[in-house]
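Just below sit the structures, each encoded as structure tokens.
Next come two complexes built around subunit A: one with subunit B, the other with subunit C.
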Partner chain A sequence: MSEKKVLLKIENLVKYFPIRAGVFKRIIAWVKAVDDVSFEIYEGETVGLVGESGCGKTTIGMTLLRLYEPTSGRIIVGNEDTTYYFMPYFKAKKYIKKTYIKKFENEDPEKFTGIDKKYYELYKQLGESGFYSKLLSNIKEKRSEFRKTMQIVFQDPYSSLNPRIRIKTIVSEGPVMHKVIKKSEIIDKVKAALEEVGIHGDHMYRFPHQFSGGQRQRIGMARALLMNPKLIVADEAVAALDVSIRSQVINLMLDLQKKHNLTYLFISHDLSVIKYISDRVVVMYLGKIVENAPKKVLFEDPLHPYTKALMSAIPVPNPDYKKKRIILTGDVPSPVNPPSGCRFHPRCPVAKEICSKEEPPLKEIQPGHFVACHFPGSLK
Partner chain B sequence: MEKKPLLEVKNLKTYFYTEDGIVKAVDGVDFEVYPGETLGIVGESGSGKSVTSLSIMRLLDPNGEIIEGSQIIFEGKNLLELSDDEMRKIRGNDIAMIFQEPMVALNPVFTIGEQIMEAILLHQDVSKTEARKMAIEMLQKVGIPEPEKRIDEYPHELSGGMRQRAMIAMALSCRPKLLIADEPTTALDVTIQAQILELMKELQKEYGMAIILITHDVGVIAENADRVVVMYGGMVMETANVRELFKEMRHPYTWGLLNSLPRLDIEQERLYNIPGIVPDPLHFPPGCRFNTRCEFADEKCRKEIPPLYEVNKEHFSRCFYYQKVEEAQKLKKAGESA
Partner chain C sequence: MNTELKRTLRKLFKNPSAILGFSLLTFFIIVAIFAPLISPPINPMFPDENGNPMKLDNPYIMPILSWSSDPVPPSKDHPFGMIAGRDILYGVVWGTRTAFKIGLIVVTASTFFGIIIGSIAGYFGGWVDEVLMRITDVFLSIPFLLAAMVLTTILGSGLDKVMIAMIIFGWMATARLIRANILQVKEEQFVLAAKALGIKNYIIILRHILPNTIFPVLVQATMRLGSLVITAAALSFLGLGAPIGYADWGSMLNYTRNYILGASGQALAYWYTVFYPGIAMVLFVLAWNLVGDALRDVFDPKLK
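So, the complex of A and B:
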């Protein structure tokens, strides 16, 4: 695994949404949608992000693509810190000061690794002001580069395509704006992209309502593909589709991945789909990662009680398949007021006293298998 | 198996008259429900599964019409011949229904207690205090904590799972003989879905009622139904008991559907694709409704609608070439074991 190149690294990502009330719209509480989440995505793999509604999986996808600004944390793409790309100038400067300059002044340079090391060398070479201007220069190009690297396919094929414009425009708008394709090439390129996803090229003059759900999802794929991205975030991309159409779209996504060497972050609530499509699986519960492991390991030997319960709750289309069902009691608590200690402890069948007091850290139990539980594997 | 069916649906045809033409949502559906069993109806969107259940309850939109010649026989009475008043006595009392989206199905301006009591007061000769007591009992039975307090709460104060429990409490308050559950867990998370399905099983055992479980989720069917009706394009494609359907399916649609599912219990190389798209109910193809997407379809399938063949005891398939499916399944099994 270690020779593989890390495409995307998320460090301590936090996203809180304010709840406002009263005449002055003061902030009265925070929805802790994503709370201190870290994981990596390697080039060419598919990471499945699974969890129930309200666990923050969609927020992670949206924050990665900077459709939301993160509250804190770092998002590193390839070899660049991209966290400040979409901040206003002074905020970005403040972020760089807080994250790098202070660290470089106060900490031992020997200990820096990865991106910190790279930026430290830059800092030494250019000095403080040079470092700022290096990072903050060409911000428009950097943003454009970022958009070209990452694209998204949304869940609802009915609301994610503008009903008033033709498919040709929908698919080509982004690539033209980011100068991936020239205006003169639009027709040829759009046609090729549509045919690649299995839609007749001449249909580019149609409007979204003339297509079925599965076809619209294919159009969403074509739109993302034409940007030539490295990473595609698929946010519940097949959840709204009928079973017979779903397998078509899943197979299409896998074919395109092979052909274009794409990396997927596949967000879904459906473990069966995740199992089929992913190389590695990240399980979330209430804004936290509870388990992160290669697919095979996770499905053969899940260690977190929540992962086990989730697996046992999935109905299997085989009447002879016997399994021990773990039925969780209660509902998912609100992310405004998450439980103390381990967030899963009120519903956990094996929770002990420590679970309500101390939050378990995400520990690497076997190489590549991370679990956040005080008693991993204790639920039989 | 010489049991008398509780409900018999015979040649049910429900058409909708729209500006664009006649939508034949349900076009000649037959099935029976026996006392105490769970009949699963599975199908994709537009297959007519929900319209079938609404037809049984006679709750169709004004532009929908049940065509003459259709019969829905419940305990010997044809529901389609009853007056509205007589039907009202059966609805909620003998046949109850729970819906997919509890937030839409519950009335937001009444407390859940008032809504459960309404059903009890309508069908049973009891006083208000007694009805309230019964409602609290029902809420307790469906696993709502602190039912004395919860009974005075409004639907928005409950979570999705709790709302579905309240719906079940309401549906079961008059001890119906038949419960129609239309996608009862589709809007819920899987861990909550497991709770609700378990609850329905327990209550079924206790009350001995029959359930029609309508869903698009084949997994839910496999784990909860005794017999299964597979619908496609407003018609029944295959009927069998649940074991036989999953192991020895005899219809190409069922075969394709089951093979296109990503599954937890086995390793899969590549998912099977049913080609094409679900047909528009305004323009069903002539002949077999599935012929445009079927691997085995030939001229005959494009002209004639196949009858329901009895391929095995109590196992019916609407396909001229059901033997071919048998062979395909044998091949697949051989490949799996090799």
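So, the complex of A and C:
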């Protein structure tokens, strides 16, 4: 693992949505959609993000793409902190002060690693004001660069393409704006991109309603692809397609990955798709990561009771096969008021007293296998 | 797209009320265009040096053809009759132009402002939305006629001032309508995709959001076009609008105030003074309403 390059690093990502009420729109509570989530995505791999509805999978995807502003935490792309890129100037400055300047002034520089170390050297070299202006300069170029690094493919093929503009415009508007392609090359490049995803190039003058669901999803891929991104977040990208089309689109995604050296964050609730496509799987429950492991390890030896229960729910297409299913009782608690301690404890078959009091940290049990449980592997 | 257009048109022309609406509208448009042929803007009372009737400087000011202000019943020369020395036919014909002028200008301008304010409020949300919507509420809370009267007192009376008043107090419904639609569309995935592509906000609004939200607004604008003419007529009737003698349906009704009740014993003695401008107005409003209904049927996917 260690020789691979980290493409994206999420550190302690938190996203709360306010619930407002009353005349003055006072905030009365927070929906804790994503609560302190950290993981890394290496270059060229496919990370599957699974969990049931409402556990914060999509919120993570949207926050990564900065369609939502994170409440706190860091999103590091390559060797740059991108968290402040889309904040207004003063907010960004405040963020830099809080995250870096305070740390640099108060903590031991010897302990800094990775990005902190890099930024500390920059800070020492340029001084405080120089450090600010270095980080905040060329923010437009940085934003553009960020958009070129990361793209998203959405779930619903029927609402993810604007029904009133032609495919050519849909696919080319982003790349033209970021000068990935020149205006004079639009037709050739759009044609090439469409043909790459299996759509006839001449169909670029059509409107979205003239295509089927699978074709639209391919157009969505072409739109993301033409930006030449490194990472594509596929937010339930095949969930709305029927099974035969689904496998075609998945195979297309795998082909494109090889060809363009893409990295995928594949968000899904469908474990069989995840099993097919991912290199590593991150399992979420109620806004937290419960388990993060290479696919093989996770599917053969899940350690968290929740993961285990999920695995036992995968349907096996064999009528003679009898297997023990772990049936979880109760519903997912509300993310507004999550349970104390381990969030899974009210439904966990092996919960003990400590589980309701102490929150289990995400520990690396084997190299590359992280579990957040007090008693990993205890559910048989 | 072409087949869809054909289907839409076929659907439109199967609907009798749509046909009636479009025919009435076409009729009014023809009358407005050919007004100088139907009622030449000349005054036969004053021949010029060659003996021809004098050309009017401003065709919208109805020529005075007789010094008696009493109504004259319809005759061969004046098929709609006369009032206050003016030919009613002339007023109705040229009043069509006035009606279109008022309707189109006011609706275009107020819809434009409404769209700008509503889309900014809807798209950006948060405190921007809050502030703009409270301003809208303030404008909505003022009764329109009162506001128009106050404004014309300040600006002075006249058709242009009335139009300004109608624009200033006419954009709120549009703003609210477009805001509500935008709130719905802005969570659509193609808008999120555009944001993820880093498209600029104004392009997202213009290219992705407005084309998907504009149709209810166009329908509402069409319907409003008719009723605005009534409002303008009401203001003219009150004496706030068009100047004396202006070819405007509302001002024409203003002349009839003394004759509306008829002569003693003959309630309908002066029916033509009210009937012709009145029926023009009713049909004009009806035309726009039917057209608006037809457009709604075409554009509203829920009624398909």
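Quick note on the criterion: the second predicted complex is superposed on the first by the 380 of 380 C-alpha atoms of A that agree within 3 Å, B and C clash if a C-alpha of one lies under 4 Å from a C-alpha of the other, contacts with A are read in each partner's own complex, and residues count from 1 in each chain.
As a convention for this text, a contact is a pair of C-beta atoms (placed from the backbone, for glycine too) under 8 Å apart; a residue touches a chain by one contact, two chains touch by 3 or more.
Just so it is clear, the model here is predicted, and its values are computed rather than measured.
**Student:** Looking at the overlay, does A:Arg246 come into contact with subunit B only (first), subunit C only (second), both, or neither?
**Tutor:** A:Arg246 contacts subunit B only, not subunit C.
**Student:** Could you tell me if A:Ile354 is touching subunit B, subunit C, both of them or neither one (first, second, both, neither)?
**Tutor:** neither
**Student:** Between subunit B and subunit C, whom does A:Ser272 touch in the aligned arrangement: first, second, both, or neither?
**Tutor:** The answer is first: A:Ser272 touches subunit B but not subunit C.
**Student:** With both complexes superposed on chain A, which partner does A:Phe154 reach: first (subunit B), second (subunit C), both or neither?
**Tutor:** second
**Student:** With the two structures laid over each other on chain A, which partner does A:Arg143 touch: subunit B (first), subunit C (second), both, or neither?
**Tutor:** The answer is second: A:Arg143 touches subunit C but not subunit B.
**Student:** Is A:Pro315 touching anything from subunit B or subunit C once the two structures are fitted on A? First, second, both or neither.
**Tutor:** first
**Student:** Given the touch rule stated above, what does A:Ser53 touch, subunit B (first), subunit C (second), both, or neither?
**Tutor:** In the superposition, A:Ser53 contacts subunit B only.
**Student:** Counting residues of subunit A touched by each partner, does subunit B or subunit C come out ahead?
**Tutor:** Comparing touch counts on subunit A for subunit B and subunit C gives B.
**Student:** Where does A:Ile327 make contact in the superposed view: on subunit B (first), on subunit C (second), on both, or on neither?
**Tutor:** Only subunit B is touched by A:Ile327; subunit C is not.
**Student:** Which bits of subunit B are touching subunit A when the two form their complex?
**Tutor:** Those in contact with subunit A are residues 44-45, 159-162, 189-195, 197-198, 216-224, 242-243, 246-247, 256-258, 260-265, 268, 270-275, 277-278, 293.
**Student:** List the residues on subunit C that touch subunit A in their complex, please.
**Tutor:** Counting only subunit C, the residues touching subunit A are 1, 130, 188-190, 192-200, 203, 207-208, 211-212.
**Student:** With touch defined as at the start, can you tell me which subunit A residues reach subunit C in the complex?
**Tutor:** Residues of subunit A touching subunit C: 25, 62, 65, 67, 143-144, 146-147, 150-152, 154-156, 159-165, 169-170, 173-174, 177-178, 207, 220, 223, 227.
**Student:** Sort out for me which residues of subunit A touch subunit B in the complex.
**Tutor:** Residues 52-53, 212, 214-215, 242-248, 250-251, 254, 269-273, 275-277, 299, 309-321, 325, 327-329, 331-332 of subunit A touch subunit B in their complex.
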